[in-house]
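Paired with subunit B in one complex and with subunit C in the other, subunit A is shared by the two complexes that follow.
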Partner chain A sequence: MTDDFISLQSVRKTYGSVVAVDSVDLDIAKGSFFSLLGPSGCGKTTLLSMMGGLDFPTSGKIFIDGADVTKTPSYRRPANMVFQSYAIFPHLNVAENVGYGLQRSGLSKADLNRQVEEMLDLVHLGGYGNRKTDQLSGGQMQRVALARALVVKPKVLLLDEPLSALDKRLRQNMQIELRAIQREVGITFVFVTHDQEEALTLSDKIAVMARGQVLQCSSPATLYDRPLSREVAEFVGEMNLIPGTVRDVTTTGVSVDMPCFGTRRLQAGTRRFLVGDSVCVAVRPENFHLSEAPEAASMRVTNRAYFGSHIHLILTTDGVAPICADVPAATARRLRDIDGEGVVSVDFDEDTAVLLPGKE
Partner chain B sequence: MIRPANIPRLLLTPAILTTVVTLGVCLVVLLVLSFGRQNYLDIELGLSAHNFELALTKPLILKLMGKSALIATGVTALSLILAYPIAYLIAFDIHKNKLLWLILFTLPCWISYLLRILSWKLILGYQGVVNSSLMGLGLVDQPIDALLYNSNSVVIALTHAWAPFAILPIYVSLEKIDRALMKASGDLGDPPYRTFLRVVLPLSLPGVSAAFVLIFIPTFGDYVTPHLLGGPTGFMVGNFIAMQFGASNNWPLGAAVALVSMLTATLLVCLFIAGSKRAVRAIG
Partner chain C sequence: MRTVRKLYAAVYFFVLYLPILLLIVFSFNDSVYIAFPLKSFTLKWYEAAIQNAQLLSAFSNSLIIATVTSVTATSVGLLGAMATTRYHFRGKTLASGALFAPLALPTVVTGVALLSIFMMTGIGLSIGTVILGHVMICTPFAYGVMVSRFDGLSPDYERASMDLGEPPIRTFLRVTLPLAMPGVVSSLLLTFTISFDEFILAFFLSSNSPTLPVFMWSQMRFPDRLPLVLALATVVIVVSSVLIIVSQLLRRRRDR
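Moving on to the complex of A and B:
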């Protein structure tokens, strides 16, 4: 508990009869890069606004660094926001924008200018101080917004989809830079995004949200490898969900009858299953491989796309929904029969498969 | 043949023609007149600077010019002070039927201006609504005669007439402000009143300046209101100019004073706009 820097306790927010955020409990560690991931309308931005004091919970409590800030307005909170639209003041130049929050800190003019310069250097905008903001590109506006929020030395930096307006190349560069800046300043970052790839790349920890609730909160690797629900499994990365029935349950694992793949022994994780339960076996496309083993499934290739390092296959067989498999290009090349619409034998790694309930 | 590229210019022609004829030609006539000299019933055209000399040195004209500037400044300031909160309210706090509210606030303008001035006579007069109410309540022993036929009544009537026109430009500039900017200001540590001074006010300045021009220029040269409500002390430069073209029959002098007062008003507007920009920057 000592490590919990930001703590949300049963935070709930309703607008009339609409529930935007529904009883969210979250603990965010100091100095970490934390992401709120979810589709639009899942309540992630509302949750972020409540951390920043731009919105207030209907019920529940919010603590930052041990202090109850539930009802503290934004101008008295040690949290600063980088807005999705950047919200750069159009009547001020770059340096005035960055120095905006320092005006009342009682700094001498020289100190203020020095801090602004340092911050502009940090975001690689050194020498841009006198520029008008309408001469800036999207990426530069982004940096100004970041510098403006960081210069006041907040305990928490809140970022509301800051990269969504940038093109792909720039976004990837900014992701790397954002992470580097976060390490350098050591401030806790809370980052809102609907882009799961972005969340996986940047974060120490990710909370996946849907319908105002947190579905799972864990490290990127755990989230990807061990999703706790079908919804998380399908939202983060690509996932095949193959239906099955529990045949046998032992202390070491669960045996599942699957169409095409026969009976397989899988890890149950923390969930409990009973014999006869209908379940879902979740397998990532990259965890399939071409196999000559007897238990491998024979499937028709209905579509294929070459990606250089791997080949993306859409496989079908009777009684099962189409399966996506990414097989390494090197192994696939040896198999002549997938040149056209042939039949291939594929198998999956049992250790990487995740057993999920059939219905939720 | 009409080419598509020329259509915008073609559409502008009526407006440009009207402006050139009604404004340009009249200005030239004024200019020509102003260098002339009135000789009983005839006007002798020439190149005499005599009228401008008078306009810039005659104490009466200077005094009237100063008074007009003072009244126009007062009316404009009052109008802006009254209009700004209304525009702010409609822009930020009213979410439904904004247009309806805007129309409601401009309702006074739907009534004939002369009718409104006459109504002010009834309200401010010696036995008018205000005085009889005050007397009836026992707040004063005898009617206050400082209400009508002086500069006060001119300022009141002009403010009432012009304040609605200030609402619209201010409202438009407030409405355009990105709400995220105000949130950002709050987020960066500014309580609401500081956010107003540092973000909302500077960004609404174009609207305030437009309102200033819209009100200051016409009130500076107004002569109907002072003529009907001003009495002996509410006389403005506009009345003086009107007199030169009427009873005093000195058109060249009237033209010169009209030109000088136009330049003065323009100068004052420029001073205000430059000054307000500086003042707002100083606050930020």
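Moving on to the complex of A and C:
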């Protein structure tokens, strides 16, 4: 047992022959905003349900605050869920919904009402107590669901894609608000999403999932800058994967022969590479720049789009898949003079490049 | 074409409702014979009905049987519907089919089977045996109504309630039952009506505590009591229609 707040140990869940979650180990720190990120069907919602006790693992163990809750049903778990469908009780009004979980707490009616009011204020729905739930907008339903789960003071709040049904503008506002509420109440949030931007914006830590497994669990910056696999690199943000071959390995780095950028010295990270290995050099579009240096690559511009702060280029050259590069608009004035299929000389920043295995 | 369609519809409804209409008309006719021309208007058959002790006893039997049947069948249907819409288990399709199956069984066959068992085991016939028979034929209807209600209800409501700390039984009382209520009411009305109108099983199983339909049938042996039966039938038609209409209105309000 570590001193982490929520701990999953070799958690596995199968439905018949289908493996929904496959041997997941995960540690979530107290008071953090933790995200499970992955495409639909990757097992993230199943994993969340198991943390909430709405589903039980086939094997493995789940601990919350030091207690083994693997077999504890949801009504005895200090974890509460905000459902993707919100599941606001249609036969109760807003205040009755929020106060639902307090009924059994033995609070006096006045105390109960006060707590409900406080919670409604927290989610900016003060004065909405007597409203019927069918008069609420999507964003308001969302807030009621949040208040209803938070009012019982859980140790963990589980959120199942709570923002996916909202339009983009509202979603962005709710993201900011959600983060503010999390800081205010100090409860550990576990957030499920398929939206990588949302996960990067909100989280202290992100676990990227695919096929029931956790591919990488790290801070948003590490996830973005130092992906551990091609799959993570491609799922989080835009990434160019340029093939290469290892020429030389030393204690300070790895020399890689690349088709159009010559031989480059790169950091190997925690992986080990051998001479002759085929590798992938992963470079974010924003880490390219126009360069006159001799090792820079000459490439054809096949498409470009102006974004104000930067220009988005699609570059091609023989033997390499098209590369996306975002070059700062200020340093690329002369690009404007290039009509159609011009040729530019680009280079990338070696410190930001990530060396990954060629095939996985 | 348009006229033909209209004519067809008119004939259809005329043929369908004429006998019932005649029945109602003759129940107010001052003559023991069912024949035109009509004599004067009278309520004496209704008065005779109210004063007939056997009839009143049959009516009260029917009320008791229909009430107990509708509550029992609806409870069983509700639990069955919860099982097959809320849980996954081996043999679920079979269970669902078995709940509907009695619908396909001819009532005469069910009646003979039940009668044999009650005679064989020495249980004897009473209101209770009629109730058992009626529960058997009403449960598929109750189950059908409840399944359609539960299919439209997200299981997330119950999950949310449990998640908020309410154990299964409290969740059932605070969330499942209130949300299923329109279905419960509609099922109660439907099964009450079916039981109240049912003849074959009641005829087999009621012995010396006849239900209203069985009593009516027994009166047919006496030609001069025909108008009394007509008056009674009119009452039954009105009560049944009201129950069915209320049940349909509730169903429509629920679907909105």
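To be clear about the criterion, the second predicted complex is superposed on the first by the 351 of 360 C-alpha atoms of A that agree within 3 Å, B and C clash if a C-alpha of one lies under 4 Å from a C-alpha of the other, contacts with A are read in each partner's own complex, and residues count from 1 in each chain.
In this section, contacts are C-beta pairs under 8 Å (C-beta built on N, C-alpha and C of every residue); 3 or more make two chains touch, one makes a residue touch a chain.
Here the structure is a predicted model, which means the values were calculated and not measured.
Participant: Identify whether subunit B and subunit C fit side by side or clash on subunit A in the overlaid structures.
Facilitator: Because the two structures are overlaid on the shared chain, the partners are seen to clash.
Participant: Which partner does A:Gly101 contact after superposing on A: first (subunit B), second (subunit C), both, neither?
Facilitator: both
Participant: Kindly classify A:Lys109 by the partners it touches after superposition: subunit B alone (first), subunit C alone (second), both, or neither?
Facilitator: neither
Participant: Please indicate which partner A:Arg148 is in contact with in the superposed arrangement: first for subunit B, second for subunit C, both, or neither.
Facilitator: both
Participant: List the residues of subunit A that touch subunit B in one complex and subunit C in the other.
Facilitator: 52-54, 73-76, 79-81, 83, 85, 87, 89-91, 100-101, 103-104, 148-149, 152
Participant: Per the contact definition, I'd like the list of subunit A residues that touch subunit C in the complex.
Facilitator: 52-54, 73-76, 79-81, 83, 85, 87, 89-91, 100-101, 103-104, 148-149, 152
Participant: If you look only at subunit B, which of its residues touch subunit A in the complex?
Facilitator: Touch residues, subunit B against subunit A: 178, 180-181, 183-191, 194, 198-199, 202-203, 284.
Participant: Name, in rising order, each residue of subunit A that touches subunit B in their complex.
Facilitator: The touching residues are 52-54, 73-76, 79-81, 83, 85, 87, 89-92, 96, 100-101, 103-104, 148-149, 152.
Participant: Touching residues of subunit C toward subunit A in the complex: what are they?
Facilitator: Result: residues 154, 156-157, 159-167, 170-171, 174-175, 178-179 of subunit C touch subunit A.
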